[in-house]
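The following blocks contain the structures, represented as structure tokens.
Next come two complexes, and both contain chain A; in the first it sits with chain B, in the second with chain C.
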Partner chain A sequence: MKRLLLLLLVVWALIGTPPSAQAQDANLDDQTYHIAKQLNCPTCAGRNLADCPTQTCAQWKAEIRSQLERGKSADEVIAFFEARFGPTVRQEPPREGATAILWAAPLGAAVVFLAIAAWVLGQRTARSASAQPPAALANDPYAARLEQEVRESA
Partner chain B sequence: MFTDLGHLAVIFAFITALYAAFISAFGAIRNDDRFVQSGRIAALMIFPLVLIGALGLWYALLTHDFGVRYVASVSNRATPLFFRITALWGSQDGSILFWCLIMSAFVAAAMLRSWGRDKPLLPWVTMTMALVMAFFLFLELFFANAFTRQDFPPADGRGLNPLLRHPGMIIHPPMLYAGYTGLLVPFAFCVASLIERRTDNLWLESSRRWTLVGWAFLTAGLALGGRWAHDVLGWGGYWGWDPSENKPLITWLIATAFLHSAMIQEKRGMFKNWNVFLMMLTFASMFFGTAFIRSGLLTSVHAFAASDIGPVFMVAMVAILAACALLWLTRLDTLKSEHMLDSAFSREGIFLIQNVLFLSSAFTVFIGTVFPLLSEALSGTRITVGPPFYDQVVVPQLLALVLLMGVAPLLAWRKASVASVGRQMIVPLVIALVTSVGLFASGLTQPIALAGFALCAYTLAQTLAEYVRGVRARMQSLGESAPLALLRLAERNQRRYGGYLIHIGVVLLAIGALGKGFYGYDVIRSVKLNESFTVGGYTFTYRGLRAVPCEFNDCQTTQAMLLVTGPDGNLSAVFPSRDFYPAQQHTATIPFTTGHFNEEVYVLLANWENAGALASFQVYVNPLINWVWVGSVVMILGFLVAYWKAPERETAPAVAVRQAVRASAR
Partner chain C sequence: MSNRKKLLFSLGAVAVILAVGAVFAVALSLVSQQGARPKPGSPAPDFALMLFDGYTAGFPRTLQLSDLRGKVVVINFWASWCEECYKEAAALEQAWRRYRERDVVFIGVDYLDTEAPALSYLQQFDITYPNGLDVQQRIARTYRITGVPETFFVDRNGIVREVVIATLDERKLHSVIERLLAQP
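Our next item is the complex of A and B:
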């Protein structure tokens, strides 16, 4: 119990600091960075634009920045890249059109899997109502020993 | 010369594998043990032959034999000894040879075990493993030959991929290969059992320890991969849902589902059908993932060069799936359950739900991973699926699994009593409630994060309570001291308490993931020389850039120095750097971390102008991320507890007796 409480305290203490720094001034750097985080890098496979150190990415980031300087909103900047390079540039795939399948498939699969499980559970339970109890245990040496041990310790 | 000998040995290994597969099947059909033994010895011989092959390639790497194309592509004269050794698996061709080496070692170990009562399975196990072995050797020889010579050897090689020069990357591939090939053993047992039309649990019981080993290697491989990504890729995290991470994760999820549902078959003789299905799925996922990554169909941070092994893999994949399906469908009658499910509210019932969750998580990761290809086929545009998708769809399923970990151990086999389960839940639930209230009071208001931490607290408390209950029972009935009771408890039932330790590891990992996921943040700041900026209580003062010697003389390293004043006033310095590799035209951002155990501060040098008069830095604040590593280590420890020594086998009737006794005692 003590150990448990201690662990709990540790977990608690760890997470205690609120992320006040998040409320930093939203300057141009931050905005650029925030948008870059939502785009895929054209040259580093599997990384977002903000995290990729290549030249091409630097150009893209400069483009984002200059568009922001010209007063465009974040959505407009992303739309610009999407219009130019297709939906592939977005980190988060859109939820409409063909991509809707992506979002729907796991849900559909989970429902189907759960339905199967529910069916198995329901059916088996119904059948077992009339099923025989498990086979006799008398011949199992392990069971006998266990029984004896339990009797001794009691 | 020695290298060509190695090449020859691999050719012989291929022929030997084919022979082993053929003669074992022949011996089984003819029921002649001489042929079966011949097959066994042949399968055993694959390992030394592949080892000679690997030694041959190692020899070429060590002697800078750039006449061998592979050697020139992964090393150069400046590559130090250590990396010349590990360059064996530094690129596609060599890594397939290395894969063959590890797989053949597993095959040899399986052949050397004492077969005793498993004798009827031997020929078919040999055949299955030898066939898979032959396929990989075939790939090595005909599609990714690491021994190929080139007519005009270059004066120097290209050097090892800079991304791979990290200890995590050195150990991570062997771990994953060992994980996959470890899981080949239970698969082979499963196939053998089906061919023999056996109705018993022999294949499961005999291969259980192999499954555990495969699983543990896979776990370690995933953890090391995460560590590598954290240290080398410069993205501040440990997991990026990259195809080459997803692939082992899919296999891991299915294998974990199998480990659990196998228990039901062992204890209750149920779910036989399902277990065969899961085992085949485990193997198929391994094969499928390898096909996609290796063929270059899916691009990944690993960036194995696109190659033409894709179609071969696909053909083999279809053949394997067809063979598995055929085998499974024609043996359905032998896979009937020995018992019916008594109640949905039982260990079996909850295991079924848990299995469903594991599979649907695996499916989700799978669909996200292949969606780029799918969307290209469907609509002509390749849609990239980034982390946001997985975070929203997979993470909730994984959290549900954490909850099940805290409930399943309470449910008895066959039928659990609601009252008893409820009683045992009270204390952990109170702890969870106190945790969330406490966290809320200290300023955490994100509802999902709070729920997640409460969930972790509950499951952790419940799992620890399992130990407490066991220890207390021993102390009371046998008068043992607490540490002795704990030791004996674990010793008496290693599988169970090792398993719980793994669960604790998972919860710790989840705590780390929640902390990083919900409370991690990152900013980019541009500063002039000697200017400061503040991130999350840390003040960074930029003191300049300098060029430093590169480790292996093939890159240009620029290092920045920043003085850091922590929230507690402690002064330290960080040196994030950037390596530029002219030969590969590759830039690597090398992070430097500071902070404390529960809050990592991860600093990257993002860019600079005017020779360093102005520089920008990316700073990641990663709360609790270190618990991800702690959790991984605890999982491996749990495996060791479960594995250490063969535990006593409990039969299904014995379990029923124990439960009956327990029920009457209540």
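Our next item is the complex of A and C:
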């Protein structure tokens, strides 16, 4: 019996961490990665935390993981980093204050573009419509003959 | 390219220019919010630093620079991820221990760091002078640091006398501090 127990312990040690713990670890890794993707590396401009190999980012990722292990939600973790390092820590700038312009600018530019395009095309359509001969002139045989002669001479 | 296509292309270009202009306007407004780096001869901008537990060195938990008027102050920006900071840490601690009785105060401002590795760094070098995390990089932005380590030496009248954007050694620390102590 003792041998069997010993054998079981050895097998257990060889297998290592139980599958449920491994799944939990993988889940934590995924969550850490997902959060890190939403944060900026503090030292490399424009690079996200998840893809940055610097020591700073390694420390920050460890901090994210540690907070998740303590039961914090993704929003709480991001809020922690924002409170400590400022709003620029987020990959996406906040949609308020001065940075709201960054979000509104493309939409505003598209609206301006469409408005000007509609106005200019409307003007051109109106101009070409006014350049058409009146209906009475279109039925005039003299005008039709004149037009034909002009076409032939060209 | 037909006239209509040319027109649409031009309008598209105008829209892109407007969008880029807006981005530049935001960037300029953000840059203009920052002041200039305090140069030698200019007053050291005041700040409050919340000190780490166990790293107050007898000062209040929130250390106010202006409360240190009359003392020589060495403000050192550092981070636990900064390799160069490791090279100067021991020299800073030695200088603090040597000069603390002569009205010299060292302040460690921890930049873009998280608490656990920061505290581990402080323990590694047995650092005892006041240290705290620069929340939201307010102090770093005020002093316009460009990286770490950076050190500002402030005289008894609250004037910045020397800025060192490099790793410090004992010789440099002693020479600057002695010079500032010799001033009235």
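Assume the second predicted complex is superposed on the first by the 105 of 154 C-alpha atoms of A that agree within 3 Å, B and C clash if a C-alpha of one lies under 4 Å from a C-alpha of the other, contacts with A are read in each partner's own complex, and residues count from 1 in each chain.
To be clear about the criterion, a residue touches a chain if its C-beta (ideal position, glycine included) is under 8 Å from a C-beta of that chain, and two chains touch if they have at least 3 such contacts.
These figures come from a predicted structure and were not determined experimentally.
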Touching partner for A:76 - first (chain B), second (chain C), both, neither: neither
Which of chain B and chain C A:42 touches, first, second, both or neither: second
Larger contact residue set on chain A - chain B or chain C: B
Which superposed partner A:86 touches (first chain B, second chain C, both, neither): both
Chain B versus chain C as contact partner of A:113, first or second or both or neither: both
Touched partner set for A:103, first chain B, second chain C, both or neither: first
Which superposed partner A:50 touches (first chain B, second chain C, both, neither): first
Chain B/chain C common contact set on chain A: 54, 86, 98-99, 101-102, 105-106, 109-110, 113, 116-117, 120-121, 124
In the complex, chain A residues that touch chain C: 42-43, 54-56, 59-60, 62-63, 66, 83-86, 98-99, 101-102, 104-106, 108-110, 112-113, 116-117, 120-121, 124
Residues of chain C that touch chain A when the two form their complex: 4, 7-8, 11-12, 14-16, 18-19, 22-23, 25-26, 29-30, 79-81, 112-114, 116-117, 133, 135-137
Touching residues (chain side chain A, partner chain B) in the complex: 1, 3-4, 7-8, 11-22, 24, 29-30, 32-33, 40, 44-48, 50-51, 53-54, 58, 86-93, 97-99, 101-103, 105-107, 109-110, 113-114, 116-117, 120-122, 124-125, 127-128, 131, 134-135, 137, 140, 142-143, 146-147, 150, 153-154
Partner chain A, residues of chain B touching it in the complex: 233-236, 240, 242-243, 299-301, 303, 339-344, 349, 352-353, 355-356, 359-360, 363-364, 367-368, 371, 374-375, 378-379, 381-389, 393-394, 397, 431, 434-435, 438-439, 442-444, 453, 456-457, 460-461, 464-465, 468, 477-478, 511, 515, 519, 521, 523-526, 534-537, 578, 587-589, 598-599, 606-607, 616, 618, 621, 623-624, 650-654, 656-658, 661, 665
